[in-house]
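I'd like to ask you about the structure that follows.
Order of writing sets the labels: A, B, C, D and E. Residues in every chain begin at 1.
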Amino acid sequence: MLERLAARAPVPVFVAMGRDRAPAVERLLRNADIDVTATPRHASILLVAGRVRDSDQAYLDRLHDQLPHPRATFWWGDEQGDDVDEARRAASSDDPVVALRVLYRNLISGAHASETHRLADEPPAPWRGKGDHGQGGEGMMGGVPYGRMMPMPPTPDIRDGLTLDVYTTQIGPFMPYWPAGLVLEVTFQGDVIQSAEVVNPTYPPRDVDRVPFDHLLHETTALAQIERARAAHHLVCIARLLSLVGLPTLSRRAQILAARVRANETIAIAPLRKAAARSGLKAALAPGLGRIDDRLARELGGPVQRAAGHAIDHRSDNPTYTRLDFTPVMQTQSDCRARLAQWFDEAEQALALVSAAPDAMIDHGALIEAPWAHRAPPIDYRVTELLPGLEWSEALLVLNSFDSAALCRMAPLEAP
Amino acid sequence: MSVVDDMAFWIFALTAIVSGWRVFCTDSMVRASFLLLASFIAVGLIMLLLGAPYLGIATIFMMGVEMMVMALFMVMYMMNPAGLNPMVMVHQHRFSIGAGIAAFVGLAAVMLVTDFADNPVASDARVVTDLGKELLGDSMLIFETAGVTLLATMVASVILSSRSGRFGPADEGSVPPPLEPGGQPAGRLPEEGGGHGHHHH
Amino acid sequence: MTPIVLTMTWVAFLLGMAWYIAVLDGLWAAAREGRQPRAPLANPLYRCATILRQQSNLTEAPDLLNWRLAPALYAGLAGTGVALVPFSSASVLADLEVGIVWWGAVEALTVVVVFLHGWSANSQLGLIGAYRYVAIGLPVMLISMFVLIAAALPAESLAVPKIIESQHELWNVIRQPLGLPLFLLLGLSLSFRGPFNYADSADLADGTASEISGAARLVWEFARLAMLVATAAMAATVFLGGYLGPVLPGPLWLLLKTAVVLVLLVALSHLFARISPSRMLTLIWIVLMPLAFIDLVWAGLVAL
Amino acid sequence: MTLTAILLVAAALIGIGLYGTLSQQSFVMLMMGLELMLNGVLLAAVGFWSLAAGGVPTGQLLAIVTMAVMAVEMSVGFALITAVYRNRQADMTESLGTMKH
Amino acid sequence: MALTGLLTIMGTIVAGALLLQWVAARTRRDRVVESQKIPFLGGSAPNTHAWQRFHVRYYSMTLLFIAFEMEMMFMYPWAVVYVAEGVKALAEMGMFLAILTVGILYGWREGIFRWQ
């Protein structure tokens, strides 16, 4: 009875986002048959979407073990070897929903055995029977009570100076609303970040929206295609922020719009923007939150630069665009709010260009502004310098107000 | 008084005493705070039995928030707040036990020898209305004083607790105290991972 | 109603309305996203079954007793909240002389229980959720106390049935128009939904619930719904005249009004963005608290 | 549930509270002891009011004033602890006592 | 009696919920292994226990709040006699709100309604 009911529920899936798969996963998010959970504790299937760095395997295993039984892993991508059985993988071009449903039903009914743990069944440090009380601790703050050390010794807080314990931990790479692949070592005091270090950089962005831009390098491409890709990219970025401030339905609307833009449908962004404004999105992004200085904005380029008030856009120099009276849009404040407004403005402008010149073509090799930050070597500014002093939810808003290319340049592993 | 009331009273009384005692036995500051809350809730329920509905339930909500705040501060200022390593942080232990028992015995003796008037509250008394009338009538002065005192409390606690005084940060130039008279400032330095029990060599 | 019937009504009301909220949530999301809802009526049950089928999780050295107790206490508090609401003039499970004070206690203890839930898991995300919730949950409680006291003024009593009777001529929602909207915010805060979801929010990977699975999670999610039901029923009773109404029997009126209030609450929880806890704290003290003062003064002047 | 029984319970609470107040080294735990003592006082006050004083309103008032005392004690107490901690990083009664500068 | 009702409801729900959790834990045979117990941090493992001397960012607000809540305690009985006492009660309310407003304004000026 319970099994039969449970088998009909939306499949609870936790997504471990690998390389290249972000847009495809966002398609999954919209499917009512799939319930993308915020934590592995609520999921039954771990969906590994795309390639994962070899160094991330341990993180993935830990994630896998955190799923409650019955659990299974599903690989979605082209890189998996033949050692994974058919029921648990799908090619990147396939839609995995049906396969996920079947796997889930079998998992519930017991036809597919629940996967056993991958990491050793051992505490992080042996503690049983050690110490004065057999719990592994020594004195008040020493030892490894129940296998872990006590929090780090206190240091003065960077905001109000109280000297209290700090909590240092790695976070990522498969955290929701977290740049895919990024592992930071974050030091908290309470819910405010004191400092952060990059442990592993983000995966380089290589998503579907890049295709028309790559195309343009070799052959003449329709302006419509380029601008649609731009709008879709920005909509997906907007969707992430919307979801983060507690507007999941609006976020899904943005994703649906992005998908429809990619499918060459005609859409309007204004209603979404209006709904977002009415919901108090502006209030959720405090003015000045995540403001970056001019030099950094210029280095990063793209929408980030224009949100800082620099009207620099390669399209201004392209004859196809100048014929359409193209002038770059920009904001002035260079904070999260400005970057969000910039995404909205640019997406709307892109769709306006499409409708103004549906048949315009751009010569191959032309230099066209990409929707994301410059893809250049890493810069000597770390994303981690943005975070100290921010409360956790603010920190996530700041991280998600950058596109993945910008994050990638700000989170290199070694000094540039 | 019915048997049910009597039974309920003894259950609540036992809860109040046992949880009040456990407050000082648990290692976890959060548990300690909420055990104290349990003690207060039990006392509040006894007040309900005694025919003081407003006072009883007001005790519950007032102590609910007070103990919540208590837990916040306990966790903030106590080392090892969850009690992962068991600890004993008491001094003059025997003396305290003695004092506690003496207080109890003394009070109990006074009670047992005193003959209290038997004058229970009428079962149909409108106690909440009475209280309101009292607050706005004879005891208005107490009431007003309480209001002003609370305002003073608000201002005082804000002044004391917030860092930004008019003369710069309040902790400027401050040094952690030594653990022994005349010793080095102890603070919470990294080498002292062993905690309180460790510095006494 | 006999006690047995009354108890059964209470159970049916609590469970039915919790299910109703889950259905409303599904329908609302589907409508806003422009797609067909997925088995809207049965989906909540399927999800319950899924959660219950999952293994109960543990963390390293959690405060297990409090971790298991917190969801149970939360559900219990919601249950007592619903019990304060009269289904008709003589049918109320807990006919407390100081009903709205008990409601205040429910609010206070809810803050304690949510904190305990986040604390017990011994995990950073849960801790952040717990502390954040206390920051918002405490001051919001004051607002609700002000509006409830305002509603008690014309009734000259703290008992919920008396407050209903005082609305024979005019509902409090008209007499004290600020009361209901402020009280609805409390509902969002008590069950941490939408703009008031500071405990179990997306940025914390579900915050205090980020480490639970299985039966504990089922109880927790149910308790959140039940608490929303309790607030809606209280709102319908204190501001919309509860069981009062022509033609239809009293319990039905209460049901209808609660259902309407729940639509409002679900809409509110989907319509507004969550602002940062720091700004929300300021908003509550600087904007909402004075509004509650105005509500009290307004109610006082009208009642005289 | 006689007055004697109630007062015995109250005396027990006061006794435990006194033990806590005297024995605990840290300010916050010390405050818990104080609160527990006031809890006993509260119970005794309400007991007297209900069973011996025939429900005179002043009895209730006394209980409320006790609670107000608790609130003031907590509020100012924690503010003090914060101020002391900020300046000296001390949360122990002893470490404050030994400090002469 | 109302108290009996409330306590019965509370007790039944709490007992039921605990029983459900207990039975669910009994009927599932899988043990929670050590690697499963690691707190969720996006795949990472923490260095230390999360229980810490947690820096509450709004502690001044909570102190103001306690005094506020105490004022509320006086207001409930006041509400009951409000209509009967009339203008006197109205004046009393004025005093109350004045005190609370001063408290809020003072707190606001000191910036205690923000994350410290």
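Before moving on, here are some points about what is shown:
Following the convention adopted for this analysis, a contact is a pair of C-beta atoms (placed from the backbone, for glycine too) under 8 Å apart; a residue touches a chain by one contact, two chains touch by 3 or more.
Source: prediction; values computed, not measured.
The set of chains in contact with chain C as well as chain E comprises A, B.
Path length between chain A and chain D in the chain contact graph, taken as the least number of steps between touching chains: 1.
Chain closest to the overall centre, judged by the mean of its C-alpha atoms against the mean of all protein C-alpha atoms: E.
Counting C-beta pairs in contact, the chain pair with the highest total is B-D. The chain with its CA mean position farthest from that of chain D is A. Centroids built from CA atoms put chain D at 5 Å from chain B. Our note on geometry: chain B versus chain C, Cα centroid distance of 29 Å, whole angstroms.
In this assembly, the C-alpha centroid of chain C lies 33 Å from the C-alpha centroid of chain D.
The set of chain B residues touching two or more other chains comprises 49, 54, 58, 61-62, 65-66, 69, 72-73, 76-79, 82, 84, 128, 131, 133, 135, 146, 150, 153-154, 157-159, 161, 163, 171, 187-188. Chain C has residues 52, 55-57, 60-61, 96-98, 101-102, 104, 119, 122, 124, 131, 134, 138, 141, 158, 205, 210-211, 214, 277-278 in contact with two or more other chains. Touching two or more other chains at once are residues 3, 28, 30, 34, 36, 38, 40-42, 46, 49-57, 59-60, 62-70, 73-74, 76, 79-82, 84, 89, 107, 115-116 of chain E. Pairs of chains that satisfy the touch definition comprise A-B, A-C, A-D, A-E, B-C, B-D, B-E, C-E, D-E. Touching chain E in their complex are the following residues of chain C: 52, 55-61, 68-69, 71-73, 75-77, 79-80, 83, 93-98, 100-102, 104, 119, 121-127, 131, 134-135, 138-139, 141-142, 145-146, 149, 152-154, 156-158, 205, 210-211, 214-216, 218-219, 277-278, 281-282, 284-286, 289-290, 293, 296-297, 300-301, 303-304.
Touching chain E in their complex are the following residues of chain A: 16, 39-41, 56, 59-63, 65-66, 68-69, 114, 117-124, 145-152, 154, 157, 159-160, 162, 164-176, 178, 183, 189-192, 391. Across the complex, chain E meets chain C through its residues 2-3, 5-6, 9-18, 20-21, 23-25, 28, 30, 32, 34, 36-42, 46, 49-51, 54, 56-58, 61-62, 65, 68-69, 72, 75-76, 79-84, 86-87, 89-90, 93, 97, 100-101, 104, 107-108, 113-115.
Taken in their complex, chain C has these residues touching chain B: 61, 63, 66, 96-98, 101-102, 104-105, 107-109, 111-112, 115-116, 119, 122, 131, 134, 138, 141, 158.
Residues 28, 30, 33-36, 38, 40-57, 115-116 of chain E are the ones touching chain A in the complex.
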